[in-house]
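Order as written gives the chain letters A, B, C, D, E and F; numbering starts at 1 within each chain.
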Amino acid sequence: MYAKTNVVVLKLSGSLFFSEEFERVVKAISNALHKRSGLQIAIVAGGGSKAREYIAVAAKAGADQATLDEIGIMVSRVNAFVLSSSLGELSATSVPHTLIEVVEAMKGARAVVLGGLHPGQSTNAVGTLVAEKLKAKKFVNATDVDGVYTRDPRKFEDAKRLDVVTPKELSKIIGSESMAAGAYDLMDPVALKLIERSQIHTWIIKCEAKIIEAALLDRKVVGTEIVFE
Amino acid sequence: MYAKTNVVVLKLSGSLFFSEEFERVVKAISNALHKRSGLQIAIVAGGGSKAREYIAVAAKAGADQATLDEIGIMVSRVNAFVLSSSLGELSATSVPHTLIEVVEAMKGARAVVLGGLHPGQSTNAVGTLVAEKLKAKKFVNATDVDGVYTRDPRKFEDAKRLDVVTPKELSKIIGSESMAAGAYDLMDPVALKLIERSQIHTWIIKCEAKIIEAALLDRKVVGTEIVFE
Amino acid sequence: MYAKTNVVVLKLSGSLFFSEEFERVVKAISNALHKRSGLQIAIVAGGGSKAREYIAVAAKAGADQATLDEIGIMVSRVNAFVLSSSLGELSATSVPHTLIEVVEAMKGARAVVLGGLHPGQSTNAVGTLVAEKLKAKKFVNATDVDGVYTRDPRKFEDAKRLDVVTPKELSKIIGSESMAAGAYDLMDPVALKLIERSQIHTWIIKCEAKIIEAALLDRKVVGTEIVFE
Amino acid sequence: MYAKTNVVVLKLSGSLFFSEEFERVVKAISNALHKRSGLQIAIVAGGGSKAREYIAVAAKAGADQATLDEIGIMVSRVNAFVLSSSLGELSATSVPHTLIEVVEAMKGARAVVLGGLHPGQSTNAVGTLVAEKLKAKKFVNATDVDGVYTRDPRKFEDAKRLDVVTPKELSKIIGSESMAAGAYDLMDPVALKLIERSQIHTWIIKCEAKIIEAALLDRKVVGTEIVFE
Amino acid sequence: MYAKTNVVVLKLSGSLFFSEEFERVVKAISNALHKRSGLQIAIVAGGGSKAREYIAVAAKAGADQATLDEIGIMVSRVNAFVLSSSLGELSATSVPHTLIEVVEAMKGARAVVLGGLHPGQSTNAVGTLVAEKLKAKKFVNATDVDGVYTRDPRKFEDAKRLDVVTPKELSKIIGSESMAAGAYDLMDPVALKLIERSQIHTWIIKCEAKIIEAALLDRKVVGTEIVFE
Amino acid sequence: MYAKTNVVVLKLSGSLFFSEEFERVVKAISNALHKRSGLQIAIVAGGGSKAREYIAVAAKAGADQATLDEIGIMVSRVNAFVLSSSLGELSATSVPHTLIEVVEAMKGARAVVLGGLHPGQSTNAVGTLVAEKLKAKKFVNATDVDGVYTRDPRKFEDAKRLDVVTPKELSKIIGSESMAAGAYDLMDPVALKLIERSQIHTWIIKCEAKIIEAALLDRKVVGTEIVFE
């Protein structure tokens, strides 16, 4: 649809940030940047369990959904700042709050880390917007599962992982999901609409250091690719 | 779902801003505010034909979808500023760029006018986010048609207007629509998701001065109401 | 030293935000504001255990002290936003990032909640700066202990609580403490210097709902008062 | 007067943005940048007919002159953003709102596009300020006419184009002109004062692709040069 | 020309800020606000001698005119902040940097103090812009002389003060003046253009406490009034 | 303690800015940057006598200490801007207002000049924070004296300059000093705490061109070095 740049957008599951995998993922991103000199990575940090804890406190006190979204965004930005600090000189220092700031930050850095941008938009949707804006060559969504399944693999034993999936098929699979702030989302309808309108080359993979490094280096990985008819 | 305030969120079709109806709508909003002393109105201006003209120029030059969204937002903000200037002392002077700015501006004014907030979100979705954040008593979407029809009334003679519609039904009706920036949208999937998650009391009416004034004053009007099961 | 206003500055220990006491403290602040119509409260939220968890992750990855301070500030702002959301209409919506923003926010609200402002300054020091700027009638520092002790009461059985203390005496007591980000601090040297230069009327009390409400209403409470020679 | 840099400031008539010439001018600027590797261009977009349409709506509704100026600025910034999007990688992404932002943006880009900066200052005056600030080697003002005439060439047949003109002479020629927002201005008194105080090397040419490209490459073009005694 | 509000715009000569008259002028403004309950004052502080000292240092080091203007603006803002601090609760705390910020600040305060806004515009021009934007009932320019003279009264003994003057006459009188940053200006061409386009009711008086208080209270004062034909 | 970069943080005494030494110091900094190609300098400008004059006016009018600090910061930023303008292309154009802005500015420039950042923090403390954040190889504090003395050398003849000093010793020497805004400070307790927590390599020297140039080039200079046990 458009001329691809050498940028990869990487969405990291919020559950990563207080896990043992965190340090390994920092190393994996660093490795990929050192191995591939032209590569640039825009990283979107999810909110994870810390976001859900904060949201629970505020929801109990009667906060509205838009405010809960804002809390989730604030926490995802702390996650982002911790990651950018850990990447050191490879990453831009500040965490962008708008798409324009993402573009500006990418001009002077190998990596830029951001969290959510705006209420009503999941960090998955942010990943796709960033991919559009940067004309990224691909969008890698590193989640808690290793790809898209026919049904929720944590609930159903007969769930099967799909190697490829069209936006329409994926839309059906995630169809029943709610958009409550902080809820589990493999890929929400908004993100999917954006993937579709710009035919963004998207991979859904497991949030593990080795798989992420391979995906950043365009190697073959286990996961699900979104394809267009 | 939550304690309602005396705020109405009013989305105005972008086509209003260079039509003859514009002055009458300014008068209608002014009337409503004078007649109902406790009433506050958060107004979201659409982009309209001017937005589409600019988007066409940039699209032809190869701009990506996120950039086209940003151009649409910029134009909707000019529309918003022209309206706030026309409302004079009744309205906040500046056009908010974030939800938080909307809340702050509402503290010192009877009316606040904004345009789009963020790429990937239609001005309809902005209206619902503002309604959530302000705990608005209702969201009035003033569009080019006088309500939701079973089919597009401009194409099909047998289209019938619905007095009430559930989010699920409305979702089916708008299901086939694309999200290309500036395209016609009665109510897009994102906006609908937000209406559903917060059970926002929503009315879809025609963008005409008399109907708008009646809706702001909680009088019975022709249009479609979104109801929850 | 200067004409006092009807503003109280309240510093809340960061450990409050995920404890069972949180809801009760929200209620206590709300009560105080309803009982005393002229009262305004500027609340400074500490970072607490969440801040320490984040700081530990970043420190392990090699971040410098100023960056660790910034992470602590970001987390304290999330705490602040959750509290302001919980206070609802009584509180300003946005979390100020500068002293000037604090002053502006106080003009339109009964309460304003902020977190840290700047690296190298603890949230205690922020509390004293805000007290100076707002010419507050007192600064109430709600901490994990019920006042200043001759020695750390958690380590030494013979520690005795002081009813009054001069800045010089307090300075000696806290003299040995490090300023590492997120560390326990009853009152750090910077805060103490500011208390001294403006002779701010300061109380150190335990962070419990009943005691806080009493302190806000100028009732007699268990705690330590800082007095000037 | 000062050491010249390799920067050219180019003011583009607002009438360009919805004309057929637009694409050719984008190409001309792009060509000049490719042909002359050290060249940098700061481009100021005028408001044009779109600005005048918006201003007419707001003026009819009773807006004051400063507000009309602000509307003109907002529209000129949309024009600027459309042009910067069309220039792609050659141009900075964001549209600067202050002189300082112009300087910062010029550090990382071959071209920067801005619109108006401040009420009471035409986009011509903005061009001269930018030229001062960047110590530009010249200021090229691309207008609807091909230079300065002894009288308005659209009204008087005997009007003669001047090859060179002093600020004093030009001042007399434009002397009778009003400063109403959005009005035609070849060069207004403010801009002229700034040209004079810094002896900016200024060319007034027709806003056509070929002439612009030639002017950017320091080739001889039809137009009027402002000279100093 | 437009509906007048109860706002007076007061421009204060920069020479006031380190003179003995300063405290008296603070008192005069305070008196006027206490005596006339509906009155609001937007005050524009000039740069004065401190600005000229800084500008001299930077000019010697080779800074361009736009940068010198920026330095003058920064100093005028320090003057403005010192005055707003001295006015205490009567004045907004922060010093606005844009016209929109002026409008917002006026909503919550009896007085707002600003300095310069933008390079290329004198603080006199800022005064007229603010008067336009706020639809002020008058613009009082408190200068080093007690009105407009036929010639510079400090140089020519036969100079005569004018009770009234038209913009055209004033334009001739100030015609020969340069616009170099920080230079003496009774009223510069830009300011005069703005006064003319909006027919702003303007008084030029001496910067003395008694005269200023009288002018703020609409009493008859020695000075020059600008009248329109 | 951490990996050192090739950055030197240089604090300049505010008394420099209107002295004859100013131009020579500009030249010295410029020389150092030309002689050592990898060197970057973050310069912190003090407020000096201009700051003290402004603070005196505001203090007389009853402003609180936090406001006086803010005035001092504003003046130090004018000093910073004058210096950055004088350094021309070697320096970033804008004066950073936050630590993050310092980091960003350092990416595109050989030198960055800032003033104060936040009330309650001296420009010395700002210097140490910047040193922490940039992992600077050293912090050079150019003051009115040529190092740390056993007693104030301007008052006591038997005062002796120390070649090295530990933070604990220095703390005792400056122990009696007040923190009133704008007061003389060789090194205040806050700055010293930060130097200690990050073991910043600090030199206290006289603010003279030759000594500064030598210090920037890591040559041996007269002064006092802070050493850690």
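The working rule: contacts are C-beta pairs under 8 Å (C-beta built on N, C-alpha and C of every residue); 3 or more make two chains touch, one makes a residue touch a chain.
Keep in mind that this is a model prediction, so the values were computed, not measured.
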By label, the chains that touch subunit B as well as subunit E are C, D
State the chain with the largest centre-to-centre distance from subunit A, centres being mean CA positions. E
Rounded to a whole Å, what is the gap between the Cα centroids of subunit A and subunit B? 30
For subunit B versus subunit D, what separation do you get between their C-alpha means, in angstrom? 36
Subunit A and subunit E, separation of their C-alpha mean positions in angstrom: 54
Between subunit B and subunit C, what is the gap in Å from one C-alpha centre to the other? 42
Do you know which subunit D residues sit against two or more other chains? 62, 67, 70, 100, 108
Among all the chains shown, which pairs meet the touch rule set out at the top? A-B, A-C, A-D, A-F, B-C, B-D, B-E, C-E, C-F, D-E, D-F, E-F
For the subunit E and subunit F complex, residues of the former touching the latter: 17-18, 22-23, 26, 50, 53-54, 57-58, 60-63, 67, 70-71, 74-75, 77-78, 81-82, 85-86, 88
Subunit B residues within the subunit A interface of the complex: 2, 62, 64-67, 70, 99-100, 117-121, 125, 128-129, 132-133, 135, 178-180, 189-190, 193-194, 197-198
What part of subunit A is in contact with subunit D in the complex they form? 100, 103-104, 107-108
So in the complex, which bits of subunit F are touching subunit D? 92-94, 108
